[in-house]
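Across the two complexes that follow, chain A remains constant while its partner is chain B and subsequently chain C.
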Partner chain A sequence: MKPDAHWLRRTVLTLAVVAISVAPTAAETASSEWKVTDFLLSNGMEVVIIPDRRAPIVTHMVWYKVGSADELPGKSGIAHFFEHLMFKATTSHATGEFDRAVAAIGGSNNAFTSYDYTAFHETVAPEALEQMMGFEADRMRNLILNDEVIATERDVVLEERRSRVDSNPDALLEEEVSATLYQNQPYRIPVIGWMQEIEKLNKTDAKLFYDRYYTPNNAVLVVAGDVEPDAVKAMAERTYGKVARGPDLPPRLRPVEPEQNTMRAVTLTDARVNVPSFSTQWVVPSYNTAKPGEAEALDLLAEILGGGSRSRLYQELVVKKGIAASAGASFAGTMLDDTSFSVYGAPRGDASLDQVEEAVKAEVVRIARDGVSADELEKAKNRFVRSMIFARDRQSSMANIYGSTLATGGTVEDVEKWPERIRKATAEDVRAAARYLVPDHATTGYLLPEAQTGN
Partner chain B sequence: MKPDAHWLRRTVLTLAVVAISVAPTAAETASSEWKVTDFLLSNGMEVVIIPDRRAPIVTHMVWYKVGSADELPGKSGIAHFFEHLMFKATTSHATGEFDRAVAAIGGSNNAFTSYDYTAFHETVAPEALEQMMGFEADRMRNLILNDEVIATERDVVLEERRSRVDSNPDALLEEEVSATLYQNQPYRIPVIGWMQEIEKLNKTDAKLFYDRYYTPNNAVLVVAGDVEPDAVKAMAERTYGKVARGPDLPPRLRPVEPEQNTMRAVTLTDARVNVPSFSTQWVVPSYNTAKPGEAEALDLLAEILGGGSRSRLYQELVVKKGIAASAGASFAGTMLDDTSFSVYGAPRGDASLDQVEEAVKAEVVRIARDGVSADELEKAKNRFVRSMIFARDRQSSMANIYGSTLATGGTVEDVEKWPERIRKATAEDVRAAARYLVPDHATTGYLLPEAQTGN
Partner chain C sequence: MTYLRLARKRLIFPSIVLFLSAFFLILPTLTARAAVTIQEVKSEKGITAWLVEDYSVPIIALRFVFDGGSTQDPDGKEGLANLMTGLFDEGAGDLDSDAFQERLDDAGAEMRISEGRDGISGAMRMLAEQKDEALDLLRLAIEKPRFDQAPIDRIRGQILAGITAGERDPNTAAETEWRRAVYGSHPYSRPSEGTKKSLATITADDLRAFHKATFARSGLHIAVVGAIDAKTLQRELDQLFGGLPEKQSLEQVLDADLKLGQQLQVTYDLPQTSIQMAFPGVKRSAPEFYAATLMNEILGGGTFTSRLFEEVREKRGLAYSIDSGLSNLEHASSLIVTTATRADRAIETLAVVRDAIKHTADEGPTEAELAAAKKYLVGAYAINNLDSSGAIASTLIGLQLNGLGIDYMDRRAGLIDSVTLDEVKAVAKRLLSVEPAVMVVGPALTDGSKG
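Up next, the complex of A and B:
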């Protein structure tokens, strides 16, 4: 991966939230401009084509349905390791050749890893699309995985972990909070991997993982841009179509979370922290595990409670009371397994972290008890619709929505009908969703400056 | 298993502590009364014979080197499930036949499961030893595992979980504390299994587990009692010796724990709790993972800090200050992987839980800073030696020591040299061991009555 690639949870969450907030409705896609084409190659590779004629560029993404939550015990980091290894030499191309080809035509490329998927993408002129497909199809199966490549790239990943996690109190806390929130589900394990396990990843681990997961029948190709579906299909067949189907994979059934009976707190105290902050999380259903309508209600709940400057938390704590520098809520819905809902805040001025936490908790209790007003709900739905319009302005957002949904158990139809399902959500659905937020059965992370004592 | 069988962590810890505190020294075993015989059958089964001529009884135990920490992800509870299934019908004996045979001769029998092993044992007259071996050798490989047996016994285990864990605030808290303390090691997962995973255990899971782990080359036979080694050897060859060797198992290498950077708290509030209590734990090396001398120092540290009524915690908090109803420390050393060291306490009279926790923490800080005195160390070593003498009085204790040590990576020599190694420990070793007890990087469980607020 490249220096700016993102694998951190925070970034993934943001992507998921944006993704979910921007899908076009059936009505809004009446114009053929947004008509999405979806088909399978004969080797099982899924292809999604999203026409976008506003500019002569194309976003080309390959999503592998494998992420850190699919790793074997003790092998954490192997999924993210491939985000690096995929940029090394193949039997046809030297290390760096793909990058140089993209740069030579003024394009950009990168990759990212999450709990449920690993994706590789390029943004280039449409003329270069087939060339990109050729490179991607090549590295899907032809990577040279030898001890030297493994050792070199493992050192790079170890250094990445040192600089991004071990030197960063926020990231260190986040890791231990996740491992405390999820006691059985593999989202407990950090995407980058535990240091002591990354250190031991070897050629055997890499080959096993590559041969199992890097196959056309475990991948989704997403192409968004100024392209003709028929032409893209022909190119995909000429490139990816030549890659042999891999072994069939069993359903992605992972350990699930037991009921939480306790209140859990994880506190990191560090001299590098200036402003204290907290984040309280609950395990809740994702779009893939929820009952119909439930995940949509959780999305609206997060929006109304803490989705932005119009939200209750922001208005109450930041604007009216003036005690918080920040306060909000978020729901990471686009996940294969049960996911997290969080509320967070940080004090401002003379206010204490306790005060902010109490005020946030009071809002959580209030929304679960009294629900939301018709007006709030309508405005939240409207904000979601408006956010779609913004999202469409970025071709890559559309590609991300389809890719992340398809890689986490969803379908093209799920994306297209999402706004319709959001519109159907009632105030009672939102209040019911808020019942997941049990104050005494939550997990809270506290980030504290050295001088301050614990919660 | 039988109603009084123990699998709960607390019980296992107690066993481990007793086990470690009672091994005879080389000098003390000079009399041939305690000369232990150790050999392998040709199928790989290890046999340990501990002569004990004081009474005409014999303790017969089979220890399988498999426990809950060896389970596959999502299959928690399968190891403990076998504690039940092993009492069902085999191809040679009906369900209950073994139990009735033991009862008919006035013997007793039972089984228990831990993170690292599963053991089955009978106490009978020496004349019945070969019969016991016959039954045990039979059920090692000849269990009838069909859907009906699985379904019936699974219901029994589910009911066991409901009554022992889900109806017990202490046990519920303990589960979530363990899963918070261990974020990567499998000691995170409860021995009995998570409810939602026990419910799904099936015949395929059981057969796989049985064929993999229930083999002579994965078992240790321990016989303690009024027996002649040569006679026992002949009997073992006639019974266990006929069981075919199983597949070789890979080394028991499990995921290890990352460094802990946070303070973690897990609070369970429940109306059934009368007196609040807390327990703070740290992950520390076990006898199997420690550097030479380190685990012995941890054992002595636990003894001096909180091993009984002579310990610092008891003397300070219960006797002098009178603020605690209980206060102590323990170290679960006999484990395959890194294990836990804990300190705990509960208030008395008007004292608050906070007061007790602060006083315990102060003693932890003091022992890590100032170490222990020569006199304290000498007395603790003497108490260990005395506890051995008591332990010898129970034949089953000796069998437990050898069995648990051999099932967690140790040898007969490790058991025999243990008192010698304890005697070599210095005050500096104990102080060095106390450095694991970092106050800000610990995991604390709080059990609170409904009325009281959190920590």
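Up next, the complex of A and C:
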């Protein structure tokens, strides 16, 4: 929750990439060079191909439409734990064989889990693409789970939790802020899971999870790179196409948030903290739940209010008033359900945390009351639109944008038309979006130093 | 809130560990189809840049490095280079801070100048159609930074807030202690962000003097990638850098004599114990550099197949992150091993790590491991170093800084392939038989068998 913490910085950064760097419009690319191909295999697996012929590299990703927010009560962490287990032996390949095959060709591979999706990816030379598809299609259904690998890998995940959360006051606070912000939605539960629940995850949990969610009709294949769409299609049919369709999953309808009528505060005092900080969050619509244009307006609001050093919060608090070391805002738009909008700050010099929090609040009130200027809006739009051109410079950025959008209810067209929709947003749309930021109905996390006797 | 199967761990001592850095690690070769053709471009005034023309995306990435960096901070003025790099978008020429930033935003360009121990790096990413405005602002920033008092005080205030924030953090304490213990009186032992005391003494004149001494053409390295041709770049180079002084005036920095063979501990009640070990490394220019790189890859390098990964994580589940990496600063080389493990199994983890290292020192890798590591390092080049315009430009700068030659990419596979098993065994024995410096951060180790 503290913006200058490793944990949150990483998160904010990720969100910024997803929210801001979206694909170019048809008008901007014109040529068919960047034309995205999108189709379904007969078993229901969706395929997206993004050409990028600049280097002999291809990024291959499989996105499963399942994340921590789909877990059963009491089984928190199973989505992420299962992601780890996907690197174990299958009926055709020993543990580590896939990793060794990737390493042997100088490739890179990894996987990640979030609230709404789990993705596995390899970056290799195009010649190795079909081999990667073969491995990936194999582990979609043929994993062997035994108690011994489960016990060892569970220890690894427990260390991961200790390392990323329990050792880090910012992360501990953020976890409990989320559990307070979301009273009903599953985003209240951390992706990595609660310690006492991870400890009990077992083979039965893993098997149930695997059989339910790891099917071609619950997956999106994203291939970005120096490839021919027809050839990729043929390869996909030869590999993934052989995997039997799984049972149809019900729509991903999860509990939604009740209206928030209170001000909630979560405080963590820690001996390692020496400069206090705060973050205030609200539940707002995501791209998937918003009315048309609303999520775009929230993105622009976050950018104008606190997106960088030209933003209102930075200019007012850091530059003009000189009371903050940092101040900003962020909106996590690429989510399946309603999501969070946050503002944050930390003092510098003799200023107090109260002063910073009050000044942040004043800017929130001002933007909701008076809206934004035409100039601010135009500049924010320009930044978003050009960020999409910059995104094309990195193949994996493009693959991530399409994958995360498609795994959270969006379409290829949603990605392609995003710049047009951003361009259409009006100052009134942005002001309307700011009405979600009700100061008295918010959740605030405070990270505080332990009281000291003189310093 | 994304969880990776393996995040590159958060380094508790980032100042000395630079592994996976395109600058210093081995730079693998391209496959035959690689589209990267490097041109050397020399301007009328004699300024040289390496250029990769690429029009597939209408952008240009420019990188440059001036030799020097925070090792050049005068005694008592630690943090000078770092503070200076925070001020290049805070006013230049006739433009004050606000006007400069507004123009940069209008130009659609991103500019970042940052301090390293051995150099000051600059990066600009711009839209090709707005390159003239963008480069004009970069020229102003490089040549005529204003160092106005208000931005100096503000940026200094932010750096001070960062220093204050870390004062009670055991990892920050460990980093400070590690630097002092390993580097002794060498400039690398100093905090590059400075101290409260040193920052208070820095004036605008100090910044101007530092700028004048380091921003000069004799210590300049440039790489450009994107939608620009050689002729245009020639002109731009003279515009950008032609107004700078000819010669840098740098203090000589000697090679550091690393103090290994010591046990350091920051005792703190944490759920995990972090362990960092430093062994000797090899200079980038040393003949055995490639053998050492292969050895490191096998021991604990960047894949999921290393010995340390296998022993510590895969077989025993003792840790989430376990890595080794070569660090090559200009004046210090080392091999660093890091991990973090649950506190009650720290002694066991240390023993497993030490065993794997001893085994590698005594026996070296197998022929099969060496063959696999060669294949990985040869093949991984494009993916690790050339996946965006900025990455390509950084890689080219790294080649220049290390004096590797414009044809290095063509030669690299041969350099790796020619390494013999005996050479890898020899370097493993030489580096890994030395008693390392060990830092342990966490609860006291219970049976007293420190490190």
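FYI, the second predicted complex is superposed on the first by the 432 of 455 C-alpha atoms of A that agree within 3 Å, B and C clash if a C-alpha of one lies under 4 Å from a C-alpha of the other, contacts with A are read in each partner's own complex, and residues count from 1 in each chain.
In the analysis below, a residue touches a chain if its C-beta (ideal position, glycine included) is under 8 Å from a C-beta of that chain, and two chains touch if they have at least 3 such contacts.
Just so it is clear, the model here is predicted, and its values are computed rather than measured.
Applying the stated clash criterion after superposition on chain A shows that chain B and chain C can sit side by side. Of the two partner chains placed around the shared chain by superposition, neither chain B nor chain C is touched by A:426. Within the superposed three-chain model, A:114 lies in touch with chain C and out of touch with chain B [touch as defined at top]. Once the two complexes are overlaid on the shared chain, A:310 sits against chain C while remaining clear of chain B. In the superposed three-chain model, the partner touching more residues of chain A is C, compared with the other of chain B and chain C. Angle at chain A (Cα centre) between the Cα centres of chain B and chain C in the superposed arrangement: 130°, in steps of 10. Of the two partner chains placed by superposition, A:202 touches none, neither chain B nor chain C.
Contacts of A:289 after superposition on the shared chain: neither chain B nor chain C is touched.
Applying the stated contact rule after C-alpha superposition, one finds that A:355 touches neither chain B nor chain C.
When the two complexes are overlaid on their common chain A, residue A:173 makes contact with chain B while staying clear of chain C. Of all Cα pairs linking chain B with chain C in the superposition, the shortest spans 14 Å.
Those residues of chain B lying in contact with chain A across their complex are 73-74, 76, 172-173, 175-176, 179-180, 183-184, 186, 188-189, 194-197, 253-256, 258-269, 440, 454-455. Of all residues in chain A, those touching chain C in their complex are 4, 6, 11, 14, 33, 52-57, 80, 83-84, 87, 95-96, 99-100, 102-115, 123-125, 151-160, 162-164, 166-167, 190-192, 271-275, 309-310, 318-319, 322, 325-326, 346-349, 379, 382-383, 386, 389-390, 392-396, 449.
The residues of chain C lying in touch with chain A in their complex are 1-7, 9-10, 28, 31, 33-36, 54, 56-59, 61, 97, 101-102, 105-106, 108, 125, 127, 154, 157-158, 160-162, 164-170, 270-272, 302-305, 310, 313-321, 340-342, 372, 375-384, 386-390.
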